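First chain A sits with chain B, and in the next complex the same chain sits with chain C.
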Partner chain A sequence: MTDLTNPLLLAVILINFFTLGSARLGACIRVVSVQGALLALLPLTTHGFSFHSILLTTGAFCLKGVFIPWLLFRAIREVRIRRELEPTIGFVPTMILGALTTAGAFLFADFLPLISEHHEGLFVPTALATMFAGFLLLVSRRKAITQVLGYLMLENGIFVIGVLLSDALPLMVEAGVLLDLLVAVFVMGIVMNHISREFSTINTERLSALKE
Partner chain B sequence: MIGSLVLHLALLLLFAPLMQGVITKTKAWFGGRVGAPLLQPYFDLARLWHKGFVLSRTTTWVFLAGPVVALVVPVLASLLLPFGALPAPISFEGDLILFVYLFGLSRFFTATAALDTGSSFEGMGAAREVTFSCLAEPTVLFALLVLARLSGGLSLNTLFGGHLLEAWHSGAGASLSLVLVCLFVVLLVENSRIPFDDPNTHLELTMIHEVMVLDHSGPALGMVLYGAALKMMVLGALLVRLALPWQTGWWVSDAAIFLAGLFCVAILIGVVESTMARLRLSRVPQVLIGTSLLSIFALVLVLR
Partner chain C sequence: MIALLVALPLVAAGCSFIIPWHQARSWLLPAVSAVHLLLSTLFALGYLPSEGTWIGLDALSSLVLVVTSLLFFGCALYAVGYLDLHPERGNKVMVPCLLIFLGAMSLAVTARHLGLLWIAVEATTIASAPLIYFNRNRLTIEATWKYLLICSVGIALAMLGLLFVAYSALGSGVPVSLQFDKLLSQATTLSKPWLHTGFVFMLVGFGTKMGLAPLHTWKPDAYGEAPGLVGALLAGGLTSVAFLAILRGVQLMTAAGDGALARQELLGMGILSLLVAAVFMVGQPDIKRLLAYSSVEHMGLLAIGVSIGGLATFGAMLHLVNNALTKGGLFLAAGNIQRAFASKHLSEVRGALSVLPVSGTLFLAGFLAITGSPPFGPFMSEFTILRGIFGSDRLVVGLLVLLLLATVFIGMGATVLAATQGEASEATPGFRDSPLLCISPLCFMLLILLIGVYIPEPMQNALHQAAALLEVQP
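Take a look at the complex of A and B:
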């Protein structure tokens, strides 16, 4: 089963690059949901079939791969936006930054005080790279929806670490994280709807210029 | 030595236009048409060969040097490259640099031949071609560096040697698949296929490679077309060897595997061309920077 893990993690990193370079929101949501679905398979490929891992997989798959994307698609339909225009940092610079942080994650992961069996393999670098990419997406985009996507990717990175430790991590903690995520996306969707109703745009740049 | 040279050239010269035929047939099939016969590229070349030259009075010898170099360079490059499991006839340490820059040479001559006509459209096409290919070059070099790192040699023969089969099964399989994707994108860019350039449009404002050869006619145009077919086969050979690293030891079956691989590459190109739309011109550099980053990332994975 471990043969499948590395291609999965690699696909996750490729999806990071794609999201950083793409302007189309629909495509971004779709690939982030694919990323979530791929990550949901990780517990099965690393720990084999057990009650714990199957539960984790189904939970993560339903939330990350199906429900949250559905919410986001609904959100972009309601606020009628298709693409991210004029991000604060351009698409090519964010992609290059993403590549730098990915390379950095690979270098940095070797210095972390991990147990020896975690040292090899792509788990830790992928987790770090995905978190960085999500963070980049959060700070470099203007549309609230892409920021939500960045937040999702950040969580995906945390999920990778969680999978690595899922033998040690109680199921409740993982479920709690997933629930947090769901609530956050929910709240953001509602907030977004309200913002768009009031201001007819969801460009977060406008919000910082609010006056009393 | 002589035998392998003859075999190499025979494979290249005979089967290169067939790839174009397969691509057009695939596209026709996707469009629900019957399409031109598979051997149409050969008929086209024969027809062009029997026509006369029409040369503008403003052009110099450079204008004719363009097609000649475009035809000769892929042939020379093919001699450095193993075709599937058939080893390259000529090989020395560091020939990968020569391989990459031979194509640089042909590009230089095609672009100068286009500029030589003095037409503003052709100048535009030359500018685009040069921009895109200089962005595609780092991708190729980093991809070859990955292979060099894996093989421990610096000649294309060792790079695409028998160790590839084991490399796919080891930890390097991931970066090999990245390299495969990058080289496929480079193949599409260098041969001006659809996501980057449409080989069928003759709208001067959007096309890249076709606009540069607008003023060529007769045998010169035939040489350009034949050279393009050879170039596609040579670049496709990189992909085929990477994707199908099997070695049978008997040259007939090796050649058959190689040709089958090229056939698959041609079908793949046809599928990509029929399912994708042309990218906007400003998006092309972005995609190419993306593939460069991917190949650098593949190198990072291998160096780890």
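Take a look at the complex of A and C:
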């Protein structure tokens, strides 16, 4: 099973790039959900089959891979948008930034005082790269829904680190974390809906009345 | 037993969905929070057993628990009057969300497992977002979106911090656990670099929630646009809860022998918060944004107090109580003023004292209290913090803090005096002070006055014990 871990993590990194470079919202939601689904398999491939890892995998798969994407698709149907146009930073520059941060993540992970079992794997660099990509998405896109996707990617990155440490987190805590994520996205979806009704757009650029 | 504190508000929140009457739903708030306050006091005073592996109380959390519970009770009473003013908006969202918010705060305060703490703090973010959005207009939606996104991302970083803390325990050979007491007992064996990184991320994450500069950007918007009672709960309750989460990190770092480093970081953010608050408070024409920046300032003071240690830590604990109650009074009074003038901008708010004698006076008194004028409680706590700073020979820090406090006083005074004194602006509407909307801020201010003059023995002990927890060396 462990042989599967690294290809999984590589696929996750590739998905980061796809999301950074794509202008189609539907495709972005789909690949982020694929990313979530792939990550959900990690507990199985690293810790083998146990009650804990099977439950964690099932929970994460259902939420990250199925339910949250469904919520997001429903949200974009309701506000009728298809494309992410005019990002604040262009698609090519964000891709280049993404490549740089990914390279940085790999370099940086080499310097970290990891315990010996974690020196080889791609876990830490993948987690860092995914978090950076999520951040990039958050700050460089104008649509509220892409910002939610950025937040999800950030959480995906943290999930990767979490898998390394799932011994430290009891199942109840992990379930709570996933539930929080779900409710957060749900509430964000509602707010997004209200934004589109008030402003007839979900460009967060319009949200600029409050400032000093 | 102690799980009651969490379960009670959550069950009540469930009930409030079912209750079909507007009035009954509103009154559920003070009823539940009165029981909650009674229970928290009993737990804090040790009349009921409060130990546990998952949730339990120590001196620090008892303090925060009683303060938030008291604040919530006052706000709940106010909420009844407030919700009556807006029958058209209903209370079907407000009441359950407030109760869930109380439950989540109680869980965050009592959590003995860092993972549970994280879940609870994130839950407070989600439960309070609909509260900020209560007024349903463009400005509130903008504030809600910023709050939701910035705090969620912040809290996600805190999660990373917690995972790093867990990672620091990986090398030591014992089973890894984020149970706080276990972590404390094995603190000296934790891997230093990971623990440091973990603390920094915890500081950034929970600091976002607490509103320490430069992570405070959501605060003026959210506090400015939310209803007064929600502002009071956020500024007095939630910030204290987030501060408690940071203090857990400080405890851990101190137990691992790296307290000095943690304190340095806190000091930096504290000073920066004071600086940012002072800059934005001078000439601030919006009375609620003014209060938001005042909240940033006082979070800075708390951070500075803890970072100096010794007497200043005791001052910070006292200030936590004072800040929560004074902010409660100020936000509730400001809410009344905003309603009477249908504005919170200085261009339209004039002569609040003549239009609303009670709320205006309370607002003015609250201003004097929060800026540290005697004989109110915050004077005592700020004075103690300053004495602690000068006593530990941090002359530069002390002078800087004094200078910034003076600036804040002048800046805040200019706005508050202009709003309360002088001729009332011509738009004098029908809204008048009503008992239900004035009793809570009045009681908060009286309590603050009492604390300023005399601190009862049990409270003194509780504060000392809480401060002592932060100083435990390995």
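Following the convention adopted for this analysis, the second predicted complex is superposed on the first by the 208 of 212 C-alpha atoms of A that agree within 3 Å, B and C clash if a C-alpha of one lies under 4 Å from a C-alpha of the other, contacts with A are read in each partner's own complex, and residues count from 1 in each chain.
In the analysis below, a contact is a pair of C-beta atoms (placed from the backbone, for glycine too) under 8 Å apart; a residue touches a chain by one contact, two chains touch by 3 or more.
Values in this document were obtained by computation on a predicted structure and should not be read as measured data.
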item	value
Joint occupancy of chain A by chain B and chain C, clash or fit	fit
Chain B versus chain C as contact partner of A:Leu4, first or second or both or neither	neither
Touching partner for A:Val139 - first (chain B), second (chain C), both, neither	neither
Chain B versus chain C as contact partner of A:Ala27, first or second or both or neither	neither
Larger contact residue set on chain A - chain B or chain C	C
Which superposed partner A:Asp180 touches (first chain B, second chain C, both, neither)	second
Chain B versus chain C as contact partner of A:Phe106, first or second or both or neither	first
Partner chain(s) touched by A:Met188 [first = chain B, second = chain C, both, neither]	second
Partner chain(s) touched by A:Ile161 [first = chain B, second = chain C, both, neither]	second
Distance of closest approach, chain C and chain B, by C-alpha atoms in Å	22
Residues of chain B that touch chain A when the two form their complex	171, 173-174, 177-178, 285-286, 289-290, 293-294, 296-297, 300-301, 304
In the complex with chain B, residue positions of chain A that touch it	6-7, 10, 13-14, 17, 21, 91-92, 95-96, 98-99, 102-103, 106, 110, 122
Chain C residues within the chain A interface of the complex	113, 115-116, 118-119, 122-123, 125-126, 129-130, 133, 136-139, 141-146, 148-149, 152-153, 156, 159-160, 163, 166-167, 169-171, 175-178, 191, 193-194, 220-221, 224-225, 280
Chain A to chain C touching residues, read off their complex	112-113, 115, 131, 138, 144, 147, 151, 154-155, 158, 161-162, 164-165, 167-170, 173-174, 176-177, 179-180, 183-184, 187-188, 191, 194-195, 198-199, 204, 207-210, 212
